[in-house]
C-alpha cells in the first residue's frame, strides 16, 4: 500500500476548540510511527488512545514509563502547558471501570483541563455515594462511568444540577451485552437531561466536557472569537 | 375448528400451590365464554388477565363493574376466601406503570394474599424513596415495577434485605425498546440477588411471591405436605 | 386502583436546576387531570409532552389553542417569566423532524431559555448547511436533530466548537429501525465530543442544554449556590 | 492511576442480609491483592468469583488447593461459621452446566447455606427427572440451571411448589446466542411464577435464595430486626 | 401498474409433490380475484392463507361459509379428492395457538392428508401430555405448535420417535419477542432431531409433512417416479 | 411552529445528476402543499413517494387519477420530457412485491428513464426465471426486488453480467423480520458484486440506476461536464 | 465438584429410535473420560461431536487416527453394525461448509445410515447444481448445508420432492452474523416445506433424517412397534 | 473426508463478466493448495482474499513477497494482462480502513481495472474532503470506504454524480457493533442512490464496479455480446 493513507487534521483545534486525538486500535505500528513523526515535526504534543502495551513498546518513545499508562492504554507524548479553567468530576460505579476513568482523565490532562476521580461508588452500596454528594458541587461538569446496568447515571441525574456525561462501560457479562445494556439504560434514564457517549468512550466524554468548558468561558456573554 | 382446544388444569393448585390463571390475550370471546363456563361448573373463582374492556363487556359477567378493572385489564369473577399470611409490597417508579402494578395487586388478591402499593417513587426524585425506605421493612416480599431504565430495582436491591422481584415495564420509547432495556438492566443489576420476570408481567411476579410465602409458611421447618 | 399513584417532585428545580416535566404517553386522562390540579394549586406552570390532540382536548385547559401545539404534541399551561441567559440553536436535517424540533423548542421556552431553529439542512444538500455555518457562532449550545443515518451530527461536530447534543429521530424506514440506526451512528460519530440523547427526545436535549447554561452562568468562577 | 479506585462495602451484610462478593473479571491482580488485604485486616472471609486459574495462582493465598475451585472459578478464603437454616436444591440440565452449578454452590457455602446438586437431568431424557421429582420436596428453594433452550425451568415450574430461580447458561451454539435464548425462554416460560437471573449468574441465584431464606426465618411472623 | 404481476406455478405439484398455495397477506383484492380466476379456468382447487375476513368477503366465493375459516384465516375453494396415506398429529401448547393449528390442519386437508389435533397440552400442566403420550404412536409425523418459550417441542422430542416439525407461534409478549424466543428455543432444543419452520407457519409445516409422507410411500424401496 | 421548516434543494440535479424527490411519509398535508407550491412556482415536475391515498386526495392536484398511483403510493405531478438512454429491468420475486416494483418504475419514469418489469419469477418456481434469462440481456441495469429470503438476487447474480441492484422488501412474516432477513441475505449473497439498498427502497434503486446510466453515457470516454 | 454430574441416557434409543450423542464442547477431558468409560462398560459405540484435536488426543482412544476426524471434529469409537435402509444426500454450497457436511455424514454413519455428499454447488454457479439435479432423485432425504445467505435451500426446495433439512452454517462475515442470516433466510424461504435446524448443526440434521427413515420403514402401514 | 469438496467455476467469467475469486477464510491449507493446483493447470491467474500471513506462507507460491499483501490479506498469483477502460476512485474515511481499501484495489487490479485511492478524508475534518472534491470528477465509479458511523458516504452522495458503492468497515467499537452501524447508516443515507455491500467487503465492491464498467463499455448502445 502506498503511504498516502494518513492525513492529520492539524487545524482541528482552530475549528472545534481542541486538537485531534489518535485512535490507536486498528492502526499498524508503521502507521503510528509515521503519525508520531508528523507531530514531532510540528512540535506538538500527541495523545494516542486504545494502544496496547506491546504496540506502545514498539513505538519506543522517550520516557516511555511516564508517557504510557497501561490501565487507560494511552500514550501521551510531549509537554502540556495551557490550562483551561474549570474542574471535571469523573465518578465511577466500580473498580473494573478504571480503564475508562483513566482514558477520560488522561484525555482531559492532554487537553489542559483539571479533573478529580471518585471511584467505586455504584448504587449497590448507595450510602457510599450519598455521603459525599454535596461535595460534588465543586465540579463544573460531571462524567459518570458505569457498566452493568449503569444505574449510577440515573441517581446522579436526580441529585445534581451540572451537565452529566454518562459513559457506559463494557464491564459485565451475559445480558450486559458488551455494554449495550448500560448504554440503552443511560439513554432512557428517568432522570432528566442525561447525555450519553459510546461504550467505553472516556476520550469522547472528555472532549465533550472541553466543549462545555469552552462554552462557559468564551461562549457566553462575550461571544466566541 | 373443533371444540377440543381447551384443557383447563384444575389440579394445578394441588401441584404448585396456586390455581391456573387465564391469559386473555389472543383468546376469542367464544373460547373465554367456554372457559368461564367450566369454572362456573366447578364453582371456582377465576381471574382473566390481559382482557381489554370491549372483550370484557362481551363476557357479560355478573356485577361487571366490580369484576372488571380497566386499569389492570383484569376480570376477577367469584368469591376469594382463603388468606395466606404475609404482606407483599408493590413499589413502582412512575405513574405510567399503574397497569402492571394493578395486575400484580389483582393477582395477589385472587390468590388470597394482602399487598400494599407504593407508586411513583422512581430514582429521578430519589428522596421520595429514601424518605420512606425504613417503612418497607413491613413487607415480606417486594415487587419492584419500573419502565425506562428500571434503575429503581438497583437502588432497592442495595437497601433492602427482602427477596426482590423486579418487573420491567414497556413504559418508555426509543432505546427503551418496548421494555427490553429495563429488562436487561434489571438482569444485570449491580445490586445483588435481584430476581426478574418478563416485561409487564405483574401476574407472574405475584405468583412468584406466592411461591415464596408458601415456602415461608409451609416449607420451612415442618416440610411441605 | 387507589389514587396514590402520583407523587409530583415539586422541589426538583431546587435540586437539579429545572422543574419536572410531565410525560403524557401512557398516562390516563384521569391521571393527567389530577396532575394539572396539583400544579394549579401550587400556581406553577406545567409542560406535558407526548400528548396527542384527542387527550389534549379532553383536558379542557384555558386558551387551549395557544396552550397546545399539535406538531410537537406538547401542552404548556401557565405564564413563563424567568429568562436564563444564552441562546440554543436547534438544527435539523429534514422537514419530517419538525415534531422533535418543536418538542425541544417548547421545552426550552418552558424552562425560560431562548432558542432559534434552523431546519431542513441535512447533508444530502450540504451547501444549504455550509452557506450559513459561520452564523451558528451565535449559539451557546447546539441541538442537532436528524433521522435516517443522522450524518448531520458528524458534519456539525467537525465544524463547530460548541457543545453538541445530537437527537436521533425515528424518521426513516427499513434499516433505519425506528431511529436505532441514527442513534448508533451518532454515538459512533467520527467527529469528537458529540453527546447523544434518546430517540425523538427533544425534551431531554433541552433539559441537558439548560444544565449547560446553568453551568455557564452559575457554576464557573463563583461556584454554585 | 491513584489507589482510590476501591471502596469495599463492609456493612452490606447489615443492610441486605449478606456480605459483598468480589467479581473477579476485569479486575487486575493488583486490585485483587489490595481487596484481599482489606478483608484480611477486617478478619472476614472473602469470596471471589469469575477468577481464572492463572490470576488465582498469582494471588498466592494460603491453602490454595482448597481455596480455589477451577470448575466454578471461585476463590474462597477464610472460615465460614454461621449456618442459615434451609436447604437449596440446584438442579441442572446438562454436564456442561457444571461451572454455573458450582458457582451457585460455592456462593451458598460462603453465605452459610446448605445445598444439594442434582445434575444432568435435562428434558431430552425427561424420565431422569420424573423419577426423582418427589424427592425435590426436601428443598426450600430450587435453583434451576440450564443452557440451550432452558426447557428444564418450564417443566420444573409445572411440577414444583417452591420458589424457582432459573439460571440460563451460555452453554450452546448458533441460535443459543451465548445464553440469550435460554434467558428469554425462561422469562417467557408458560409455567407460572418462574424467576430469572442473568446468564451464568450462579452467584446471583444463590444470593436471591439467601434473601428468601432470610425472609422465611426472620421476616415472617416476628418481623425483621 | 400493468397486469403482468402474477405468474402462477401450476406444475409445481409435478415437481415437488404438492401444488402452490396462495399467500394472501400483502396481495390486493384485485390480485386475488385474478388468481382465483386462473384456478377456476384450470378447474383446480385453491387454498389462500393469511386472508382476513374482510378481504375474504370481498372475494365473494360460492358457499363462503364453509370455504372460509375465520380462526385459521384460510379460504379453501374447490373439491379435494386424492387422499395420501398416513396420519399427521398436530399437538399444541395452548388455546391461543389455535389459528396456527388451524392453518396446518386446513393445509393438510387441501393437500389430501388426514390429521388429528391435540390442543392445550403445554408443559405448565405436563400431566395433560404424559397421560396420552402413548396414543401419539398412531401419528406418522408430528407437528408441534407452541408459543411463549416453546418447551413443548423439547418434551415431545425426548419422548417420541417420529419426525417432529416444531412451529413457534407469536403467542406471548415482552421477551417472547413476537415468536423469536420460541423459534430460537426450538432451534436449540436439547432434544434431538427437532425440525423447525418459521413463526406461525402452520402451512409450511403441513407442506413439510407432505414431503415426508410422499417419501414414505413413493420414495423408499421403489424409488420415486 | 414557524414556516421555516422547508428548504428544497433545487440545484441537486446540477450536482448529482437528478432532482430531489419528496419523501411523503411523516410530512403533514400542510407541509406537502407548501412543497407543491414551490415546485409550481419553479414550473418543475415533482414526485412524492410514500404518500397514502388519503393524503394524496387532500393535496387536490389536477388530473389526480393519473397523477396518483395507489399501488406504488406515488404522486407524479407535471410533464416529463427528457429521456436518458438505456433500459432498466425490474425483476421481482412475488406478486406482493408490486408496490416496490411500482415505486422503482415510477421514479425511473420521473427521471426520464425507460424500464420494463418482470414480476413473480421467484426461485420457488425457478423455471419461470430460467426460461427467459437470455432475454434479460436487453437490460443495461437490473433491479431485483424480493422479500422473504431474497434468494432471487443470488440466482440473478450468478447468471447475469449487468450491475444488479437488489431491493429487499418487507414482504414476509416472523423470521423475515420486516425485511431485515432479505436485506442481510442480499448483503451476504454468495453471488458476486451484488449491490443493495434499503428495505422497500424502490426509489433509491431507481436513482442508483440513473447514476449508472449517467456514468455510461457521460462519464466514460469523454469525461463528465 | 462431586462426580454426580453425568447421567447418560442409555435407553434413549428405545424411546426415540437412536442413541444419545455426546456434545463435546464445554465438557472437560475428565468428564469425557468418565463418559467413555461408561460406554465401554455397556459395550456400546459412542460418538462425540464438537471435539477439538487437542482434547481428542487427550482421550487416548484406540486407533485414534481412524476414530477422530479433524475436519468434522468428531470422535467415533466402536463398531457400527446395524444398517437402516435409505440414502441421505448431503448437498453443500461451498468448500468452507465441509466441517458441517462432515458432522452430518459421521453422525449418519454412527446411526447406521448411508449417505452421499455433493459439495460446492452453491447458486453463484448454479449450472453446477442444475447439471445434476435429476440424479438427486436417488436420495430419500436431502440435507442442504449452506452459509452466507443460504440461497441453496430455496433453489433445492423449488426443484425437489423430498423432505429437505436445511443446515445454515456460520461461514461468512459481517452481515452474515455468524450464521444468523442464513438461518433466518432458510426459515423464510419462498420455497415450500423447508425444515431448518440450528446453525452448524450437522448432527441434528442427521438425527432428524433418521427419524424420517424410521418413519418410512416402521411407521407407515404397520404401525410402530 | 473425500476430495470432492471443491468445484471451481471456471466459466463464471463467460457468464457474469469476471472470474471467480477465492475466499480464503475457513478454507484449510490443504483445500487452498488443491485450488491453486487447479488454477495452475488452467494457466489462469488467481486471487485469494481473507488470507492471513501464516496460511499465505504455507502455500509457498513463487515470488511470495510481491504476491502476498499483508495489509489487504490478499494473494495474487499470475500475470494480469487485459485492461478494462475506466477509473475507479476508492475514497476512505480513516487510516484504519486501509485493509478494506487494499482489498478493493487488489481485486480491481486482478480484474484488470485501474484505481486510485484517496484515504483518511473522513467528515470529522471535512475540509480535507471539500478541498479536492472537484478532482473526483475523474472517477467513473466511486467506492466509499468508512467505519464508525460511515457519514462519508452521505456527504459524497450529496456532492457527486457518479455511482457510489459504499463499503462499511468493522472499524470502531461499542455501538459501532462490528460495522453494523456503518452498514445500516449507509443503507439509510439521506443522500440519494447510494449502493451498499457487506461489511469490509472491498472485494465485492470491486466486482460491482467491474459490472458497471462492463455495462458502460459493452452494454450500452451495442448490446452485450
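By written order: A, B, C, D, E, F, G and H. Residues from 1 in each chain.
As a working rule, a contact is a pair of C-beta atoms (placed from the backbone, for glycine too) under 8 Å apart; a residue touches a chain by one contact, two chains touch by 3 or more.
What you are looking at is a predicted structure, and each value in this text was computed from that prediction instead of being measured.
K.L.:
For the pairs B-E and F-H, output the one whose chains share more C-beta pairs in contact.
P.N.:
More contacting C-beta pairs are found at F-H.
K.L.:
Using mean CA coordinates as chain centres, what's the chain A-chain D distance in Å?
P.N.:
Averaging C-alpha atoms per chain gives centres 35 Å apart.
K.L.:
Distance from the CA centroid of chain B to that of chain D, rounded to the nearest Å?
P.N.:
It comes to 26 Å between the two C-alpha centres.
K.L.:
Please list all residues of chain D that touch 2 or more other chains.
P.N.:
Residues 20, 124-125, 157-159, 174-176, 180, 183, 187-188, 192, 198 of chain D each touch two or more of the other chains.
K.L.:
Any two chains that touch count here, so list every such pair.
P.N.:
A-B, A-C, A-D, A-H, B-C, B-D, B-E, C-F, C-H, D-E, D-G, E-F, E-G, F-G, F-H, G-H
K.L.:
Which positions of chain E touch chain G when the two form their complex?
P.N.:
15-18, 20-21, 85-86, 137-138, 140-141, 157-165, 183, 187-188, 192-198, 204, 206-212, 214-217, 219-221, 223-224
K.L.:
Please give the residue numbers of chain E that touch chain B in the complex, ascending.
P.N.:
Per the touch definition, chain E meets chain B at residues 69, 71-72, 92, 94-96, 98, 101-102, 105, 117-121, 124-125, 128, 171, 173-176.
K.L.:
So in the complex, which bits of chain G are touching chain F?
P.N.:
Counting only chain G, the residues touching chain F are 93-94, 122-126, 130, 148-151, 154-155, 157-159, 172, 174-177, 180-192.
K.L.:
Write out the stretch or stretches of chain G touching chain D in their complex.
P.N.:
1-2, 4-7, 9, 12, 20, 23, 25-28, 31, 35, 50, 168, 170, 178-180, 183, 198-201
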